[in-house]
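Here it is: the structure, laid out below.
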Amino acid sequence: MAARIELNSLTLRYAMASTPAVSGLSCTIPQGSCVGVVGPTGAGKTTLLHSLAGILGKHHPELMVSGNVSIGDESFGGISREILFPRVGLVLQDPSVQISGVRDTVFEEVLFTLENVGAVGDDSDSRIQLILRQLGIEHLAHRKPTSLSGGETQRVALATILVARPEVLLLDEPISALDATAQARLRSILLHLRGTTTVLVTDTQIDFPLSVCDRILALDHGRAVVFAEPQQLLSNDQSLPMIGGWQRWRDIARELEGRSDSSHRDTTRILKAIHLA
Amino acid sequence: MTPRIDISVKLAVVLLLWVCAFAFSWMYQALLCLVVIAVRFTIPAFRPQSQRSARAFSRFLLYSAAVAFLVLLLNSLLIRGGTSYGTILGFALYEEGLLFGLRTASRLLLLTYAVLLFFISSPLKDLIRFLQTRGLSPSFTLILLLTLHFLDHLPARIHQIFLAQQARGAPVDAGVLARSRALLSLLSPLVLSSIVESIDRGTALELRGFLNRRTNCEASIPSGEGWNFLTILILILSMVILILTIFRWLPG
Amino acid sequence: MPSSIRRKIAEELTGAALPFVAFCIALNLTAGQLTAALKIPLYLDSIGTILVAVLVGPWSAVLCGSAANLLAAAFGNPTMMFFIPVVAVIGAFTGVLARLGWFRKWYLVCLGGIAQGVLAALVSAPISAYLFSGVMMAGTDFLVLYFRSMGNTLMDSVLYQGLASDPADKLVSYVIVFLLVKNLPQRLLARLHGAENLRPPERTQ
């Protein structure tokens, strides 16, 4: 069951840092939606994800926090100081470190997660098979996890998190090492998760989030610049140079609007179709 | 398929041989050494699990033979007591030293052969899983399994760093002092990268709920259901031998 | 295992410490590859244990050293099993010295290395003498032979050999680890339990 995420004037500052990593962030992420968090390097995307997963609070006790995060019905009075798995699952930027290295097959690697959360039962086998099938990696079930390609490793890493049925799924720059085919596969997985899991995806470029996300949250120097649906973003007159690829898509959208009598909504559909072709 | 003996039975056999190494005279110890070698070649469950194990066994046999010979020789030469059994290069060999050497060598061989037989015939992962069923904590289990993973990759990483440092002009072929300084330039990136990787891996483990893990066992391995009958029998035999030996040692 | 010890071990073994201890066990077993490549007459088979003692803690160092010797036995050198008490002492002693802040100053590191070597010689002597008659198929066997030919008992000979070689060996290992850790970034060390061992003490007003 997906969870709603509420950020209320969230500010996070590392000790000894002159500026906050995240500053005055306020937004509500509806349950079951997919939000793309975009911005340049150092914008605060990873910091935000880590704060939602609970790692930041746990490993940086000296972190200065103001504002509040709520996930579902739980409010943390700041951010969580404990890791929230399996409620919140995070796939790291380098998925290869997410593979434990202590299991001989992909199947056992995914089972490792169920053992950790105490969810091993009679249905474990079928639960794992289902996840592997949904991610298109059932043929890898008996392969060594350390012998896979980048895209396969990422899907296995995703499987190890999704098998625990998190309410929230966080993906840190998931497409950085993926080819076009693997990106398309990831896109269809995220579209499939709509409604059942709240997803946040970070990226320095807007291309991938545009094609899969319900909303885009653009960050720059830790501040939210815009939080809007893709079509609103593209028809926004505000200049957003910090978002990689924004200008290009803005130009395409304007070109299509100029040629067509259809509404902004159709523009977005056209853009998605172009992207998916 | 090779017939398998429960790991607990093998461990009990090691314990029995160790008790014998301290309880029996050198002649019986030497005989047991020969029995261990014969078992390695005859009983399928005690055969080496891999070529590497077989080579390790052969290598150790040669090494231990050399050690045993040196122990015998040095003690015969240096412990001067009892009858002289002849001379080597002008140095006399004495009975007391020879007996002491025989006792030491045969005990050492039996102790080491027992351990070696166990390890060459038992895959490490099976041993770790056995220990898990007997209560080894998830953290210790993970450390041991990760070590095996690192052992597969570390030599290549060391070689890579060696080549990279050599390309940077590290004095890997110069004098001892210069080469010692080069050692630091090799170890430093290795240790730093390992800390970074450990932090990432540790974070990933935490993100998968590992530190909150309650159960010791892997799902596919049932928790220990009591001891194998043969194991208990061998353990009882070991206890009996030990007790009888203690009684024999006690004065009066 | 008493619950107090379990608690101390659990405190040391943070998420990042688990893979690091595993890496150091592997390092103990493969460090010989480095010294062989450089043709340096050093063993460095305890370097991982000392690293863990300084950066994680004494209990983890005991685990590291013991596991390394156990695995060495498993890989074809069963004599290593009998020296588990020695490496356990190395790990525990080094961990205690690190907790006392001895790895902050080079002269304390040198003193600690020598003390460690003496302790290692004392603990290994009975094992080496009783089980091996002082024969380890190493160059130091000649030292044992020399001391025995001077009329010393086997135990004394092995002890003198240990005292002659172990302090120097451990001193070198300590200095190497000191040089490795002294410039490590604090933000990385903060994730390992032993970071406090290297941080300079805060000055009080």
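We just call them A, B and C in the order they show up, numbering each chain from 1.
Rule of thumb we're sticking to: a residue touches a chain if its C-beta (ideal position, glycine included) is under 8 Å from a C-beta of that chain, and two chains touch if they have at least 3 such contacts.
Since we're looking at a predicted model, the values are computed, not measured.
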Chains touching both chain A and chain B: none
From chain C, the most remote chain by mean C-alpha position: A
Distance from the mean Cα position of chain B to that of chain A, given in whole angstrom: 47
Between chain A and chain C, centroid-to-centroid distance (C-alpha), Å: 44
Euclidean distance of C-alpha centroids - chain B vs chain C, Å: 19
Where chain A touches two or more other chains at once, by residue number: 59
Junction residues of chain C, two or more chains touched: 191
Two or more partner chains touched - positions in chain B: 142, 146, 149, 197, 201, 203, 205-206, 210-211
Parts of chain A lying in touch with chain B, wherever the complex brings them together: 53, 55, 58-59, 83, 85-86, 89-90, 92, 94, 97-98, 100-102, 108, 111-118, 120, 124, 146, 160-161, 164
Contacting residues of chain C [partner chain B, same complex]: 10, 13-23, 25-27, 29-30, 33-35, 37-40, 42, 47, 51, 55, 63, 67, 71, 73-79, 81-82, 131-135, 137, 141, 145, 148-149, 176, 179-181, 184, 188-189, 191-192
Contacting residues of chain B [partner chain C, same complex]: 53, 55-57, 59-60, 63, 66-67, 70-71, 74-75, 78, 100-101, 104-105, 107-108, 111-113, 115-116, 119-120, 124, 127, 139-140, 142-144, 146-147, 149-151, 154-155, 158, 162, 172, 176, 179-180, 182-184, 186-188, 190-192, 194-199, 201-203, 205-206, 210-211
Residue ranges of chain B touching chain A (in the complex, touch as defined): 141-142, 145-146, 149, 197, 200-201, 203-215, 218-220
